[in-house]
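Following this line, the structures themselves.
Two complexes come next, and they have one chain in common, chain A, joined by chain B in the first and chain C in the second.
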Partner chain A sequence: MQFFGGSATTEASLLPAAPPGTGAGGPGNNAHMLYIFNRAGVCLLYREWNRPLRTLNQQQDHKLMFGLLFSLRSFTAKIDPTVVEKGNLGVPLLPGQGCSFYSFKTNTYQLNFMETPSGIKLILITHPKTGDQREPLKYIYNLYVEYVVKNPLYVPGTPIQLILPVYHITSYSSSNF
Partner chain B sequence: MAPLVPKSGDAVFASVERVNAELFTLTYGAIVRQLLTDLEEVEEVNKQLDQMGYNIGVRLIDEFLAKSNVSRCVDFRETADVIAKVGFKMFLGVAATVTNWDAEGTTCSLVLEDNPLVDFVELPDTCQGLRYCNILSGVVRGALEMVSMKTEITWIRDMLNGDDAYELRVKLLKQVPEEYPYKDDE
Partner chain C sequence: MAAIYSLFIINKSGGLIYYKDYGSAGRMDTNDSLRLASLWHSMHAISQQLSPTVGCTGIDLLRADTFDLHCFQSLTGTKFFAICEPGAPYMELLLKGIYELYTDYVLKNPFYEMEMPIRCELFELNLSQAVQKDRVALLAR
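Showing the complex of A and B:
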């Protein structure tokens, strides 16, 4: 899904240059932000690597991001041309009902999204030239399972404050994007 | 292009970390024994086992989803099938069978012919009301609740009480729709 359409050549010229020294596509700092939400809208984990502009306080920012995903998902399900039966726009969907999106791209960034049936939402914002991030997101979900869910000290539904998972998740993310 | 739902949990079972079955059985036995000593009442033990199972299920669902590559189930029938074939196989090492559907497709039975939890177990006369495997019903309930299905689970047959298999009756009470979690005035 692209908001700023156009052919590949014009799109390339619209893109800002990759941050110096990192080079889009290659390993390096292509990741901007990572969010992990649960179904109740609690931001379990937030990390940023490269975010020069900040306009909202953190709580508002998380709420806005969650709201965007929530609305976009219900919107993408609504405009799905392949399904006959769909609820009205804004009517809550049952989990598993309707289709979902996995990424969208603007001329300055790409938002990669993964949602599990258990309601965990993983959002990774990267440079628009990074490719399909579904596999890496799955990998991050596996890290979440290994280091967060299986940790007896972690109380489900609360922000992750344990050091180990945060370390593993962020070091994977920063070395692979 | 939804990924195919695995037909059985054999492949996953082979790839995940396992513990020795006897160690598992004896550890579980020790937990139940300790609960009986601590709580004294058989009913209380049943309740506690169910609660422990629920707490496990709430976490187990994520591991299940991450490792089994199951994405979304179309309906409750498929859900029950996946639990029996993949879920039980993956975590307990034995697969269950799904039978006795009611007309609406909301109630079914999971039948376990073989159950590693009860090896070496015999209920003494003082514990006849004990649901030794009550932890399993808790796990299933907790896991399903995390994927927005409220269920009610009861034991129908129990080998320790002389039946020929274990039968769990799973009843789907309701599916909770995805709601926007924040209030407008916040």
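Showing the complex of A and C:
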């Protein structure tokens, strides 16, 4: 894995262009946490930048977060007012099936959520005053595809421990929100 | 097309005490609305546990692909939440107005039992007027 970490300059050209406007706010730090889950609920990546309050240990926290997203997904699919056939509450949904959500807001934080067709869930927790984060989440997913999925040394379904993707994903997230 | 699709009121232990549909597609039976209400109650509680900073009071606004959910929690723990069109404005004000109607016509009703389903004629009447007024105001804007 050493050689992979050393070639940052050449690899950088593979990066898709940053979506316009995402870096315009300057290097403020509005991001609190970033989670990446796979379809089975394994936390592939967790980073935090500003988290003064910790109520649970890390493993419990990841489980609670995944459970919240799972339940909110079935909640939104069931309550969707525009669809006649809603299915049953509590039945596991396939990625992209039924109505999904992309963010929720409380008085202390905003959770931005994206689910890809392969079941990867990206969660970015930011300050409640930040705007729509769907484009930045797509960009982070692009980084995941470029640096993790295309890496032959990565074993699918295990936490991401490669140096380069973690570096790129976290530096993008910490500098752009 | 209505700005508001449906309204739920849940008591402090998560039981559904009022549900009104204003024209969402498909039918939802009583069991489903009860389940959704208690599910929302627990989601609201979990979201407070996951907060990165202190003082979180739970979800105010959930943005989904086809609707927005606005939630207002009173100081006593009663939650009012409305399903509405994406980007519908002034929903917080409408929910606060509904809370006022609840205090006036439900809590001040001597025959109303606390934490039990709401069956008050005057509340129904004033609520439908408030929602109607909101719709007219939306059309005028």
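Everything that follows uses one rule, which is that the second predicted complex is superposed on the first by the 148 of 177 C-alpha atoms of A that agree within 3 Å, B and C clash if a C-alpha of one lies under 4 Å from a C-alpha of the other, contacts with A are read in each partner's own complex, and residues count from 1 in each chain.
The working rule: contacts are C-beta pairs under 8 Å (C-beta built on N, C-alpha and C of every residue); 3 or more make two chains touch, one makes a residue touch a chain.
Here the structure is a predicted model, which is why all the values come from computation and not from measurement.
K.L.:
Per the contact definition in the header, classify A:G67: touching chain B only (first), chain C only (second), both, or neither.
P.N.:
The answer is both, since A:G67 touches chain B and chain C.
K.L.:
Examine A:Y46 and indicate which partner it touches, taking first as chain B and second as chain C; both and neither are also allowed.
P.N.:
A:Y46: touches no partner chain.
K.L.:
Look at the residues of chain A and decide whether chain B or chain C touches more of them.
P.N.:
Counting residues of chain A touched by each partner, the higher count goes to C.
K.L.:
Per the contact definition in the header, classify A:S103: touching chain B only (first), chain C only (second), both, or neither.
P.N.:
second
K.L.:
If we overlay the two complexes on their shared chain A, which of chain B and chain C does A:P156 touch? Say first, second, both or neither.
P.N.:
A:P156: touches chain B, not chain C.
K.L.:
With both complexes superposed on chain A, which partner does A:Y141 reach: first (chain B), second (chain C), both or neither?
P.N.:
first
K.L.:
Check whether A:Y172 is in contact with chain B, with chain C, with both or with neither, and answer first, second, both or neither.
P.N.:
A:Y172 contacts neither chain B nor chain C.
K.L.:
Would you mind listing the overlap between the chain B footprint and the chain C footprint on chain A?
P.N.:
Shared contact residues on chain A: 67.
K.L.:
Taking the touch rule as given, give the residues of chain A at its contact with chain C in the complex, in rising order.
P.N.:
Contacts found on chain A: 32-33, 48, 50-53, 55-56, 61, 64-65, 67-68, 71-72, 75-76, 78-86, 89, 99-109, 111, 125.
K.L.:
Give every residue of chain A touching chain B within the complex, in rising order.
P.N.:
For chain A paired with chain B, touching residues are 39-41, 63, 66-67, 70, 92-96, 116-120, 138, 141-142, 144-145, 149-150, 156.
K.L.:
Once bound in the complex, which stretches of chain B touch chain A?
P.N.:
58-59, 61-63, 65-67, 70-74, 146-148, 175-182, 186
K.L.:
For chain C, which residues count as touching chain A in their complex?
P.N.:
So the residues of chain C in touch with chain A come to 5-6, 24-26, 28, 32, 35-36, 39-40, 42-43, 46-67, 69, 83.
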